[in-house]
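Two complexes follow with subunit A in common, the first pairing it with subunit B and the second with subunit C.
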Partner chain A sequence: MKNPSKKILLFLTLLLFFLAYLHVNNGSFGLDFDVFFKSIFNFDENQQQEIIFREIRFPRTLMAIIAGAGLSISGLLLQTFFKNPLAGPSVLGITSGSSLFVAISILTGFEFFNTDFGVTFSALLGAFAFSLLILFFSYFVKSAVSLLLIGMMLGSFTSAIIQILQLTSHSNQLKVFTLWGFGSLQQTNFNQLFFIFFVFIIGLIFLTILIKPLNLLVLGEKQAQLLGLNISSFKIIIIAVSSLFAGLITAYCGPISFIGLAVPNICKQLFKTQNHFILIIGSALIGALLLLFCDLIIMYIEPIMLIPLNGITALIGAPIVVWIILKKF
Partner chain B sequence: MLSFKDTEIGFKEKLFTIPTLELENGKIYSLIGKNGSGKSTFFQSLLGLTPFLSGKIRFDNLDLSTINQLEKAKLIAFVASKFDGVQHLSGRDYILMGRSPYTNFLGKHTENDFQLVDLIIQELKIEHLAQKDTLKMSDGERQILSIAKALAQECKIILLDEPSAFLDYANRIKVLTLLNSIVKEKNMCVIQSSHDLELCLEYSSSFLVIDNKSKVLIELENKLLRKEKLIDLAFD
Partner chain C sequence: MRILLYLFCFVIFVSCKNENFKSKDLKFSFLNKYAKNIRFIKRPTYTEVQILNPDKNSIEKKYALAKDISNLKIKIDVIPIQIPLKSIIALSGTDIGMLQKISCADKITGILNIDYINNSTIKRNFSKNKVKEVQDLGQINPESLLGVSSTITYSGFGNPPSNEEKLAKIGILCIPNYDWKEIHPMGKAEWIKFYGLLFDKEEQANTYFSKIEKEYLKLIKLAKKIKEKPSLISGSMIGDSWYMPAGESFNAELFEKASSNYVSKNSKGTGSTAYSFENVLKDFQHTEFWINPGFKSKKELLQANSKYQFFDAFKEDKIYCYSHDMNHFWEMSAIEPQKVLSDLIQILHPNLNPKKKLYFYKRIN
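This part shows the complex of A and B:
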């Protein structure tokens, strides 16, 4: 690893701790580390401060980190896989797939789908199904832009179906789904964190075997194959891992746009490398930082007005996307 | 090194036949034929991307179709007619990719890999390209890097698909001179497809001509050849 890369990674890690501190510190009372650790490892449910840390602040901070990192990694995998700097879980319609499946499960009111596992399962299934659909279309379109347009059409198509579902559903279910659709880091509770973290770690483990294939895929599928890579099996793993991250986060935070698209591009500009070992760690850190930052903005202006998470990510993300288009297309 | 016996090359339909052919080390072969005569398909068959229709191709005493993709990457390298460059991918990192058939599942390069690549950079006198972004290079520079990557693969055979198609005259000569010295020093076998008959006559040891009438691949020694004869055979 090049020395400047190490320094940047170290700096980003320190910055992450700092922003995470600001994030968890924000509220009617400051962060007391003693109370904080007690709330996680030695919880006393009679202590009001511990309850607030355990059930509200800590999950929100951790989810910002996991969601930012996961979406960015998902975006990075898709961008390398499709050789397209504008690819991402939301533009390619993969989060729409999750939304559709979650909508079907919440709005139709099947018992199984009202559990955490049910919602996660359907979000993952939706992400994977739509990823495969995009993969299928990618065989027929020649240009990178066409694939993005197809992804957007998938998005429009699914939102139409979701609207129809909403018209026919109960008001209670409708409320649950609408809140979910705004995108938010506040819907997870402490007990869900274990499961989310577990799935996240599984994704990270699979990433280690993907570094070499991703590095070779930069040269295109044919060259990668001629350098001895078994491309067909890795294709499925890359798609599955990127869907795993996108689906998991969509299940718990709703569809969050722009992070997965913008962060890998910022990361490549910053590190100026195609080594995916660095790019994966870098994207994860920058993604976590960016989402913490967005959520901090939401917290700070909350007394004045309430902005949904997707509003902030779009405000920051959209200009970045325009910048990428101006540079590369 | 490579031997062919009644090999039929084609994709779905037969394009041409190789009745019998023996390719040797230390030679540059120029593959000549009309557009669509099957030059690329021939390469694809050697690389194992499209199966050949019938007959046998042997590498030394091994049946080529029984060698798996990873082992084949250690025997045969392919240089495309153009490499467009990748942003933030440096010349040295590009050459290092040639080592990937030898790295572990994490793709970690050993000290040996770095030494070999630095040696190739030295031999080819491309130190100035080592840290340069491949996207910012000229087509000529990228073509030489692609050959360097093939050398890093430590293979026995290099296939080049119209290596000079996108190059100016000076760079064409540079690439062919380079190939000539590689073939001599490393005792490799190089097959290049080309439409540049004059340069091929000057630089290659032998011609592999896809006869346009009989659809048969024939080998012709360079010494006895004239351009008109080649044109007549390959292009009528």
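This part shows the complex of A and C:
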């Protein structure tokens, strides 16, 4: 294994298994593999430990991995697409779009939107609509910083609408939405994992056809076109895939900040490559590791104080963003 | 020397700011039996009411209540209130219940939000535009309250509303209410005496209080005879934690008096205790009763968190909540603690009186 990237990827994979083990092992009793596998493949709902593994620990661990990986991939796609290291689903307003549509669905109380599918559909729709909006603005705004400012303005705009909706909503709906907004890996249950995993895999399949165009795009749009890339259809696919990851995770975990922005930058520094095959796998692994790590911190300090997920991701992510700004702008 | 001077100033400052509960005035007061956050002192020409902040352990406000306040000789920190009040803006649900019990619901001219109101008098007056919705006291334009009422009662949180000063300048007085911080169920109810004083219905308030006190004590006597103590959990998941009333809280007191084995009875504090879902499931999965999850149906419970299905109380339909009419509960439970206790005894020990119907509570189906 002469390629250092492969060594790093292998190391990150092993580290991911280790952290996932620590994560699923954390709780009032240790991990028993026999009970763990029974809880997934031969579940007996009269066995308390099996319930705990199946409904609490396993979904939380898997969501940390999926959310961390998905948000990081989404961020990487946006950063390559907009050629901007500060692009990410939360910065460009894509997460805000998801939040707005979820707010509309939860706070207006339509029956359809109170289902899992309804909330997910809203989040995906919101993410996709706001991604298209950003794409539209990107035709007029050439400066990377200006586009980020537009993303921030979209965030402020959605916040204002959400505040108005909150003022007029019922207290129960308000409670549900407020708690969703804190971000959490604990709200999913075992049955939802199948759907989440299914959508995630669809996103990954689309990614495989994006790797080559992404590598071409690094050379510049004109160069990529000369090499046969259909830029307009590629743009729609990249926006759709990025929205799919961001929307899916926002629907089930709430808006999680900084992961999508910070992880692709860490990944690029670590691998020092523009090969998107490596970058996508690397970002997915680092994102999963980072979110597992953040959630482990929450678990360990839980007896002393309760910290929302977004609090930890911001504490870790914000210094990284400052570092990126100092280095690249 | 300078350090000593600073130290002296600091001691003076602290001793002035935190006026202790153990005031020499106590000997003139008629002592409350249960309420800890309000004190009444009878003076020759007025009644002094002291509102105590339970978190800061100090007096937050002092009021001098008199029919004629023109010649009152009072200290600068005492606020005069001419009684009886002609109207009031009642922003807490418990105020509404208390005012109803002294036949003053029609004096309410302002409320927080009509969606949270059960009282028929207020609803009727609201439809006639005689009652104003305040929504958020901190955000409201003070001028819009002119002509509504000159007195506002609100749930105290330690800090006055941000525009209290502006409201005071246009003659509107904000009175904090800490009945919700009372630990003893009868302590909450005892705040009715304050509303009795404000509307010059002291006797009516005292009579009502004595009546419910007798009923409450009778129920406690009855519950004490019961040897069986079924296990009980309370609360539900909020975000990632399950919040249960702490062992020294108002609810824990009621659970204990209703002869139950409340699972969080040994936890410290008067607020709530947070548990992880895993700990609740591991330690309390087989608890017999689940009280106050805050939902109206099992469907709603499952929508909020499908993991609730694993609790024995869920499987055996032993979940109860104050969901006959939640607004009614919030308005009346503080002033009818004997009915809350009666419901809890009935839920936990249905064989005592099998035909008795629940008043506030309802089985969740």
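Keep this in mind: the second predicted complex is superposed on the first by the 327 of 329 C-alpha atoms of A that agree within 3 Å, B and C clash if a C-alpha of one lies under 4 Å from a C-alpha of the other, contacts with A are read in each partner's own complex, and residues count from 1 in each chain.
Keep in mind that, in the parts below, a residue touches a chain if its C-beta (ideal position, glycine included) is under 8 Å from a C-beta of that chain, and two chains touch if they have at least 3 such contacts.
What you see is a predicted model; the values in this text were computed from it and never measured.
Clash or fit: what happens to subunit B and subunit C when subunit A is overlaid?
fit
Kindly classify A:His170 by the partners it touches after superposition: subunit B alone (first), subunit C alone (second), both, or neither?
Touch partner of A:His170: subunit C, not subunit B.
When the two structures are overlaid on chain A, which partner does A:Leu306 contact: first (subunit B), second (subunit C), both, or neither?
In the superposition, A:Leu306 contacts subunit C only.
To the nearest 10 degrees, what angle do the lines from the C-alpha centre of subunit A to those of subunit B and subunit C enclose?
150
According to the stated criteria, A:Gln186 is in contact with first (subunit B), second (subunit C), both, or neither; which is it?
The answer is second: A:Gln186 touches subunit C but not subunit B.
So in the superposed three-chain picture, is A:Ile209 touching just subunit B, just subunit C, both, or none of them (first/second/both/neither)?
first
State the minimum pairwise Cα distance, in Å, between subunit B and subunit C in the overlaid complexes.
42
Enumerate the contact residues on subunit A facing subunit B in the complex.
The touching residues are 208-209, 211-212, 215-216, 218-219, 222-223, 225-230, 268, 271-275.
Sort out for me which residues of subunit C touch subunit A in the complex.
Touch list, subunit C to subunit A: 115-116, 135, 238-241, 274, 276-279, 281-282, 285, 303-307, 310.
Could you list, by residue number, the parts of subunit B that touch subunit A in their complex?
Answer in residue numbers: 47, 49, 69-74, 77-78, 80, 83, 86-89, 93, 97-98, 100-101, 103, 105-107, 153.
Considering the complex alone, what residue numbers of subunit A touch subunit C?
27-29, 45, 48, 51-52, 55-57, 114, 167, 170-171, 175-176, 179, 182, 184, 186-187, 189, 191, 302, 306, 308
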